[in-house]
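There are two complexes below, and they share subunit A, which is joined by subunit B in the first and by subunit C in the second.
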Partner chain A sequence: MTTFIDYLLGGFSSGAVIALFALALVLVWRSTRIVNFAQVGQAMFTTFIALAVQVATGSWILALLAGLAAGAILGLIVYALVLRPVQRLDTSGSIIATFGVLISLQALASMIWGGDPKSFAPPVANDGLEIAGRIWPISWYDILVYVVTAVLVVALTLLFTRTSLGLSMRASAFNPEVAKLSGIRVNRMLAFGWALAGVVGAVAGVLIAPTASLSPNSFDILLIFAFTAAVVGGLDSLIGAVAFGVGTGLVLALVTGYGEAGDAPIVVLILLAITLVVRPGGAFGRGKSRAV
Partner chain B sequence: MLEVKQLSVSFGAVRALDAVNLVVPRGEVTAVIGANGAGKSTLMRTLAGLVKPASGSAELDGIVITGRAPEDIVRSGMALVPEGRSTIPELTVEENLHLGGLWRPSAERKATSAEIYEMFPVLAERRRMRSDTLSGGERQQLTIGSALMCDPTCLLLDEPSLGLAPLIVTQILQLVSQLAREKNLAVLLVEQNAVTALRVATTGVIMNLGHVVRVGSAEEIAADDELRDAYLGS
Partner chain C sequence: MMPSWLRNSRLLVHAPLFIAIWLLLSRLNVIVEPLMSYYIALAAMYATAMFGMVILVGLSGQVSLGNGALMAVGGYVFAVTSLNWQTVPILGMQWNAVWSVIFAGLGGVIAGLIIGMLAARLRGPYLAGLTLGIAVGLPSIAARFPGILGGSQGLMLTVPYPEGGYAVDSAAAADAAVASDAAALDQALSGASAAPSDSASSSSDMLTPSDVTGSTAPGDMLTPSDVTGSTAPGDMLTPSDVTGSTAPGDMLTVDDVTGAGSTASADPVPVPSASAISATPSGTVTDAGFVLEQWQASVSIAVACIAGFVALNLVRGRQGRVWKAVRDDPIAAALAGISPAASKVSAFVVSSLFAALAGAVFAQILTYVGPGAYGVALSLSLLVGVVLGGRGSLVGAVIGAVLLVGLPAAVSNLAGERGWSDQVTNNLPTFVYGLLLVVVVLIAPGGVMGLLSSAWRRLATRR
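Right after this comes the complex of A and B.
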């Protein structure tokens, strides 16, 4: 039983980071109806920038802030330079363009920082805590990850449901023409959606780097997990992305714990396939929201 | 006052609007009527900035609005209520209403929305519900309310009666003419339902194949059987 609990606890922290990546995918999907496969590439790139700041200043907070700023800027650049020009094409054109961005960012990162894995020092201890005479697979760093994730999710929810900016963004996503006719600067809202997704992805990157190593390809596998969580959650739903992001983390931990670590991605992909067959709209999606 | 001067629009080789001239004074309803394909909706969409004109211009209270982006045209005081009740189903009634005035300072926006809720009590009752739970007539009230949120001086209404029961149509159109008088709005109303539209309008404009073929007082046009047979097919 304690092993089971150990596995679950371990799954929660990777789940929190997957949830953040899934949130970033949902934010982009909500604003521009594109699945941004470059999201993890952008996060990798901004995490390298954060690492450079940490090495230079020794401050984790400064590194995080640099990562956030870089995430917003890179999100805007990708949207303005790549996605806006190709959006006049069809959807598949946009998706292929995001893959192009991913590959370019990875190549660029290899050129600047090299392909060797680098370590990213955590701001607080990442060793298992000893409670009641036993060491648990949860550290102060894991707790930091939960807190940052929770704060971000609450902040995003409030932004979307309680502010004029959030309402403008939702209206621009649901019906750009009606939004324009209401006086909303739709293009600005879409760009803001990409910037916001860049920030969320950057946070995820900075949070996960200390628990693994950082290399140009180290986040690739997270793309599959985050994509699955976002799709199963309904792509439009922030709650769905978070719930299934954490859920994916738990599944991964259990499969890795009781089976082979190499089986985990396959199990997640099988879950994705089953969802697409059984509920194409996702668990939190509305199957026929636009019958008219 | 809205003044349209020699406005032309082309879609490829098709001339959808051909040198349209039009004056829409404040405080009254000007009805544009005509059969399908007469260019009525194109006129509205061009005025709202959704379609770029080939030539000509439109001025709102002396300021040229043609060539500007739709969101800037709304902000300069002209709101379009598009065809087919354009509420966003995923948003609540209140959110849909507030959409129209998000760019205004929140105190002004709240004052206007209080006024609109007073005008349409049914919207106030349902403010927290999703807008797709409203009936067709209620949804039309919501779209008009949302257009009023930008505190316009000119209102463009594209076929507000489409798909509504006759009794509701009469109510909506009476409301429109009351709005024009009480808020001193310049209202441009496009309708296929000519008889009802001319009943609330002061001036009637008949369009056919992208041309304005006749401008006159609403009574005069309503009484002209020949005109009706030729262009309205009813």
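Right after this comes the complex of A and C.
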């Protein structure tokens, strides 16, 4: 029983980061109805930038801020250069374009920083805490990850439900034509959505980097996990993305704990396949009926 | 007179066309250098897989990011059956490589049926995500069965060879390699001098495949098995090492493998004396007439021509129109009596069949199957090739295949002249692919073929 609890506790930390990546995917989907396959690539790139800042200044906070700024800028660049023109094209076009962004970012990162995994020093100790005479699989760093994730989720929820900016963003995504007529600068709102997603992705990247090593491809598998979480959560729901992101982390921890680490991707893949078969529009997506 | 079904069919046009292409490529294959044959083999292999992508992505409108995984199905079935089966099950005949290819195709059809039935229910991004998951998850599946599938290290193969064996023209192969890597020649020479006693084996000018694995000179450009061959026994370089050393760009293309092979063999490692170094003095081509690369290319060309013939008939026939109808308007197609689901599944099955055939060919080009060789990078390459060539065009697939092989070669040539570091050289092609994907989608969604046809139309209207 204690091992079970240990596994679960260990899963929360990676689950929180998966939840953040899933959140970023949901933010982009909400604003432009596109799944941004480049999201983890953007996060990887901004994390490398954050690492460079940390190496130069020695400050984790500065590194995080640099990562955030880079995330917002990169999100805007990708939106302005690639996605805004692509929007008038078909779905296949947007998938292929975001994929192109992903592989060119990865190749660029490999050219600049090399393919060897780099380590990213955590700001607080990442060793298991000793409480009540035993060592728990939770560190101060894990607690930091929970806190940052929770703050972000609450802030985003407040943004979308309590502010006029959030309302305008929802309106732009829901019905661009009507939103335009109501005086909302729809393009600006969509761009803001992409920038916001870039920031959330950047936070996720900086948070995961100390526990996993950082290399141009180290986030690839996270894309699958986050995509699974976002799809199971319905792609439209912030809460769904967070809940199933954490859930995916827990499943991964249990599979890795009781089985073999290599089985985790297969289990997640089966989870994704089952969800898609049962509910092709995502498990908790709005049940919009569609002919054929 | 000929029967009406034959008169109305395009077989009379298509069959001679593909026989002509096959003859032309086969002739080209024997007159060019082995390195060129190797490139031809790769391009024909890519083209085979991309004919399937054209049908799936272009005609049926389903973006798959996982066809590399379907190639892996073909490759692994090819490898496992040819390594483990001596006779054909049920039929009881002697096993040979053709059976392996047939079974690889069969495996592809089954995999395509399963994934296709999943996929037919899904729309764009969901399908892309699922297929990407399959491509990413593949290494874990291989690693799950280290016994039969070789785990993450993969499986070594010997190339199935024609009657009478094939000859290894090591001098010509070394010459070809020199063009790209001068250091390799030094190594080849020192390797040859390190084991002078083995030159006895050169007296027989017909080499058996078992000789070939050992005898490929370090300068020769092939496969992971070459890498193991040219390394000291005590410090065996496993395929996982190969993948490890190419890590900089996850994109493990064949060129990465060969690149790693040549860098590895450029290391001053003692050549195992047990291996027979082929010290054939000059570029003598032996009676069998085939260099290893030429044999591999001839197999690849034959498969590509058959696949192209089948694909062209499907695309230009009724089934092609059904696929397009469902892609453009599933509801209207259903009203016209077409089953959209069956159409989507059939596109997946056909594309999976071609992918598996290509995967089997790829296995015999690499003489190796492993998760690294069939990674996400391969799936991406296929998508890149199809988009560059033109999403709905079989000719575009061929153009895309040539670009896929030519671009990394051109970049590494350029890098050699400019003295770029490996870090840049290995990743530049991938970077260019990524940019090209974006640019093509934005500016010329029809790819090269789209540009050509619109240029042609402009010319035609001006007249």
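Some observations on this one:
Here is the rule we use: the second predicted complex is superposed on the first by the 286 of 292 C-alpha atoms of A that agree within 3 Å, B and C clash if a C-alpha of one lies under 4 Å from a C-alpha of the other, contacts with A are read in each partner's own complex, and residues count from 1 in each chain.
By our rule, a residue touches a chain if its C-beta (ideal position, glycine included) is under 8 Å from a C-beta of that chain, and two chains touch if they have at least 3 such contacts.
Treat the numbers as computed from the prediction; the structure is a model and nothing was measured.
With both structures placed on the common chain, the touch criterion links A:110 to subunit C but leaves subunit B unconnected. Using the contact criterion defined above for the overlaid structures, shared-chain residue A:179 touches subunit B, although it does not reach subunit C.
Between subunit B and subunit C, C contacts the larger number of subunit A residues. Across the two superposed structures, the residue set of subunit A contacted by subunit B and also by subunit C is 292. Taken together, the subunit A residues at the contact with subunit B in this complex read 164, 167-168, 170-171, 174-175, 177-186, 289-290, 292.
Listing the residues of subunit A that touch subunit C in their complex gives 34-35, 37, 82, 85-86, 89, 91-93, 95-97, 99-108, 110-111, 114-116, 215-217, 220-221, 223-224, 227-228, 231, 260, 262-266, 268-269, 272-273, 276-277, 280-282, 291-292.
Listing the residues of subunit C that touch subunit A in their complex gives 57, 61, 63, 65, 118, 121-126, 128-130, 132-134, 136-137, 140-141, 143-144, 247-251, 330-331, 334, 340, 376, 380, 383, 387, 391, 423-424, 426-428, 430-431, 433-438, 441-442, 445.
By the touch rule above, subunit B contacts subunit A in their complex via residues 48-50, 69-71, 74-75, 79-80, 82, 86-91, 95, 98-103, 106, 132, 146, 149-150.
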